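If you scroll down you'll find the structure; I have some questions about it.
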Amino acid sequence: MIGSRFEYVKHFEQPDSLLPNTWIVVRIDGRGFTKFSTKYAFEKPNDKRALELMNAAARAVMAELPDITIAYGVSDEYSFVFHKTCALFERRSSKLVSTIVSTFTAYYVHLWPTYFSEAPLSPPLPSFDGRAVCYPTVQNLRDYMSWRQVDCHINNLYNTTFWALIQLGGMDGTEAEKTLKVNFLAPMNKTMSLMLRKGTYAADKNEILFSKFSINYNNEPEMYKKGSYELVEPGTHNAALEADILAEPVQKSKTQAENDRKRRAKARIVVEHLDIIKDEFWDRRPWLLSNKPGKVPKEP
Amino acid sequence: MIGSRFEYVKHFEQPDSLLPNTWIVVRIDGRGFTKFSTKYAFEKPNDKRALELMNAAARAVMAELPDITIAYGVSDEYSFVFHKTCALFERRSSKLVSTIVSTFTAYYVHLWPTYFSEAPLSPPLPSFDGRAVCYPTVQNLRDYMSWRQVDCHINNLYNTTFWALIQLGGMDGTEAEKTLKVNFLAPMNKTMSLMLRKGTYAADKNEILFSKFSINYNNEPEMYKKGSYELVEPGTHNAALEADILAEPVQKSKTQAENDRKRRAKARIVVEHLDIIKDEFWDRRPWLLSNKPGKVPKEP
Amino acid sequence: MIGSRFEYVKHFEQPDSLLPNTWIVVRIDGRGFTKFSTKYAFEKPNDKRALELMNAAARAVMAELPDITIAYGVSDEYSFVFHKTCALFERRSSKLVSTIVSTFTAYYVHLWPTYFSEAPLSPPLPSFDGRAVCYPTVQNLRDYMSWRQVDCHINNLYNTTFWALIQLGGMDGTEAEKTLKVNFLAPMNKTMSLMLRKGTYAADKNEILFSKFSINYNNEPEMYKKGSYELVEPGTHNAALEADILAEPVQKSKTQAENDRKRRAKARIVVEHLDIIKDEFWDRRPWLLSNKPGKVPKEP
Amino acid sequence: MIGSRFEYVKHFEQPDSLLPNTWIVVRIDGRGFTKFSTKYAFEKPNDKRALELMNAAARAVMAELPDITIAYGVSDEYSFVFHKTCALFERRSSKLVSTIVSTFTAYYVHLWPTYFSEAPLSPPLPSFDGRAVCYPTVQNLRDYMSWRQVDCHINNLYNTTFWALIQLGGMDGTEAEKTLKVNFLAPMNKTMSLMLRKGTYAADKNEILFSKFSINYNNEPEMYKKGSYELVEPGTHNAALEADILAEPVQKSKTQAENDRKRRAKARIVVEHLDIIKDEFWDRRPWLLSNKPGKVPKEP
């Protein structure tokens, strides 16, 4: 309306647009979730309700921000991937991070009663922090996703064993930790190194380690072993969207963006728990890494 | 636990620590709140419940992050000020912004039923974006705060008149806008320019303008005219904290920080609606701009 | 040796490492070279000595910094390309830019008498500014190089005509500019647009435009029409370097880096004036864009 | 002239403007000057010609960039201070750093024969790297300057003793180093710590240490002990400039800036070797830290 002599302070805001033509990953992490999970008595080593709440909040983020290509979650963290051509918020880092973190938090708190009906939230409330990272190539991006999934696997293998020693073996935390150091970590390192050097991710091999603890790790839920990814599958958008696949990717108008949001909101966002390290996952979903961001191919 | 060949992707994260010895302001803004306020039928030009919900969420942020010196809110935005010596999260911009945005959102959603009991939240949920800006001097910081309060004043003066023309004068939006252009903005600009040039902020002078519309602007609630600031007043901390005033500001240990958080949570965070442009406000609260961040002076 | 109470000021230096796995281009530009070229009576539209001095200074930069893959110069600017795996100075922007700008300037001043023996330098001396830009993909990098060469072509076409009108046609500057606006820029824009849309860069087509001014643009020196690039050609390094082609690219030790510098200093750095927009240029020099930075393939 | 389809690459350049209202220090450092000083047989521990050449190059930088408030040099480094209101190059970091580094290098190479007439430069030529750092307060800036001068003092004290042991005492480098470790560094640390804790910088106290080596450090040239600073002293500008002192600091027009440059070129830039840690230095030169950048007060 009217300028004031104070307006000059606007020029202290530094630009923070992320490098063009790079994949943007926004990862959010629960703040103080060790304490938080104790307060609400999360089941150990995995709480199904807590993970499904994370997935539900992520799904809402995906629905509200159609520029997101894929999301991957494990434990109290979630990574959201923007296509390298993404122009949302002029790629401003703080806008991207704060919008995702805020939307995720809103749904996490809002949906809490659906998953934890018996334990209403009370202060201090759950919150998340976040950051944006750029990856120049598809290989870098896939390695990022693989890094998170390997982390998921290793942590889950460790935690499953740790809590088995306590819950089934009657050990206390210190004993369990000590036992794991001797029987688990050393061979673990050797096996993992081998696996990783061969470029494969063979969960089945880990069974050997587990034989000592009489747990069939194979039978553990996939969500615990693999984490959760979310994406839009072909055939779940309406015809107009599917037609987009043939068009050149262009800067979207405001109305188009709004329509995208609505279509996305209706689209079936798939939550699954597959190996995203192997080529197969990406080969079968070529639209994820194609130059048609957010586009879904026609079904044959 | 174990390194994988994918871990190199960590090095793509760029450092974003803010320049030391500068005041940090994190401002958050409601996303799409015009639409949101229509959905939940916010009263115009000001909805008391909505503003009090903003204040309550901000108060929770202040309680959880004791490094915050003062906060100032107006409409759907809130600014949080960190002392220039703040070392929280190593001053990393994305951590500061995302933590504040997430905490604020969590409380906004959680406390919603307290203020809007008759209108439960439904998707799309309210969310906020945020950014961090550094101000090197106290003058820059005060000018930032003044900028926001002048904005509050001008917008409220305009909105109050606009809605009076509609609600009391029976105009539609277009007529009201047109009337304001002729009767309001031109003299407004002249008066404001004069006020601003003189370096004063004389709300009483605006009454002249309002005489035409038969509204006594002076009688409008202070919260609407001045916005809301939040801070910790002297005498509301326990003795240990008060003693800190004599100590040198030092890097806090983790335990100290946790204790600070707890004391802050108990401290009476004051919400008031004063003129923060004039010197008087700051002169009376010397601890805000002193070199003892978060410290409150002993009462005489 | 000993820390002082002032050392804290070191922490105000902000990190500025460039995003990993991206091509880095450092471009330098002459400061005030319009004035400078008048002072030393550079020939118009092109001064062979001045361009060759630029090339000589760039060659020295290439010899001293073996991490540079290719350099391209036109007029008073030069672009230096670092391979995307480059780890020099930890990819710190200010180190890369300042080192190149300083080295280039040193040789420009030092070699000046070789090219302008009759006109010794006097203050104000020639100087250059610089900047670093990251390009995530080979396509982006090639488009950058093409951008500079298209600029070279268009400017040279314009300047050649402009100065012909003055030197041969007896016009003054204003008349020449006016004539060019009518006869040159309009058809130029049309032809260039066509060329660019077809993705080709057909200098021969420009002759049509030139027929009006009785100049055979084809006969102009290639250095003026194409600019100059510099790179290390196969067969000009010693055997040890050539053997590197089979090795994995690894972080170099300090000694290796020094050896690289010495070999590079001895290697024949080629200066040529070819079309670098077409695929052919890059297809014939696969080592430039390969994952073996600075490596030169064995000759068959 | 004409846009090409390659021009999009311009948008990959990231903005790098430095935070407003902060003091900018650009420090440049000689690259590989240990080797360089050996090649040209610099006298040890200090070479008067080499230091005077540094000062002459810095003086040329000061003359060409009137925005510089003060410069301070020691050994092969030089720091240039821009006033916090500086708007040169829109405060872009890479422009500021590269321009200073390039101008400095040009004069260093150009003036070399004046100081080293008997030893013409040959490749590899001397070069410098640089960086820009922001300091929010006068105290931070003064602490930066003090940091460099304390460094100068400590290094010079050490080097003077080291080379005395070799040149006068007949030791070799290893013996000298060993001797210094025992006799010098331990008491040095203690004395310096004491001095620094008291906030004073008392060069005279260091004589105690030197008594062991029979050198009167007091008699060493001030340039070696204190380094060199450069600034414009009152009375050396013409009347027009002096009149500026009463004017408000405003954004300069291009012509004004050019005039400033010319006046500066004529002004007497003072090179001196005083204690810049003590208040006295700054108290006597109030224009340096005032809000009138580059202005010089009238003489009484």
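We just call them A, B, C and D in the order they show up, numbering each chain from 1.
Note that a residue touches a chain if its C-beta (ideal position, glycine included) is under 8 Å from a C-beta of that chain, and two chains touch if they have at least 3 such contacts.
If you want to know which protein each chain is, UniProt gives these names: A, B, C, D = tRNA(His) guanylyltransferase.
Quick caveat: nothing in here was measured; it's all calculated off a predicted structure.
Student: Could you tell me which pair, C-D or B-C, is linked by more C-beta pairs in contact?
Tutor: C-D
Student: Taking each chain's centre as the mean of its CA atoms, which one is farthest from the centre of chain D (tRNA(His) guanylyltransferase)?
Tutor: Ranked by distance of C-alpha centres from chain D (tRNA(His) guanylyltransferase), the top chain is A.
Student: What is the distance, in whole Å, between the centres of chain A (tRNA(His) guanylyltransferase) and chain C (tRNA(His) guanylyltransferase), each centre taken as the mean of its C-alpha atoms?
Tutor: 43
Student: Express in whole angstrom the distance between the two chain centres, defined as the mean CA positions of chain C (tRNA(His) guanylyltransferase) and chain D (tRNA(His) guanylyltransferase).
Tutor: The answer is 32 Å.
Student: So, what's the distance in Å between the C-alpha centres of chain C (tRNA(His) guanylyltransferase) and chain B (tRNA(His) guanylyltransferase)?
Tutor: 51
Student: At least two other chains touched by the same residue of chain B (tRNA(His) guanylyltransferase): list those residues.
Tutor: Correct list: 12, 14, 19-21, 134, 140.
Student: Could you list, by residue number, the parts of chain A (tRNA(His) guanylyltransferase) that touch chain B (tRNA(His) guanylyltransferase) in their complex?
Tutor: 1-2, 4-10, 12-14, 16, 28, 31, 60, 64, 93-95, 97-99, 101-110, 121, 123-135, 140, 143-144, 146-147, 150-151, 154-155, 158, 185, 188-189, 192-193, 196-197
Student: Inside the complex, what are the residues of chain B (tRNA(His) guanylyltransferase) that reach chain C (tRNA(His) guanylyltransferase)?
Tutor: Contact set of chain B (tRNA(His) guanylyltransferase) toward chain C (tRNA(His) guanylyltransferase): 11-12, 14-15, 17, 19-21.
Student: What residues on chain D (tRNA(His) guanylyltransferase) touch chain B (tRNA(His) guanylyltransferase), complex-wise?
Tutor: Going through chain D (tRNA(His) guanylyltransferase), the ones touching chain B (tRNA(His) guanylyltransferase) are 19-22, 84, 134, 136-137, 140.
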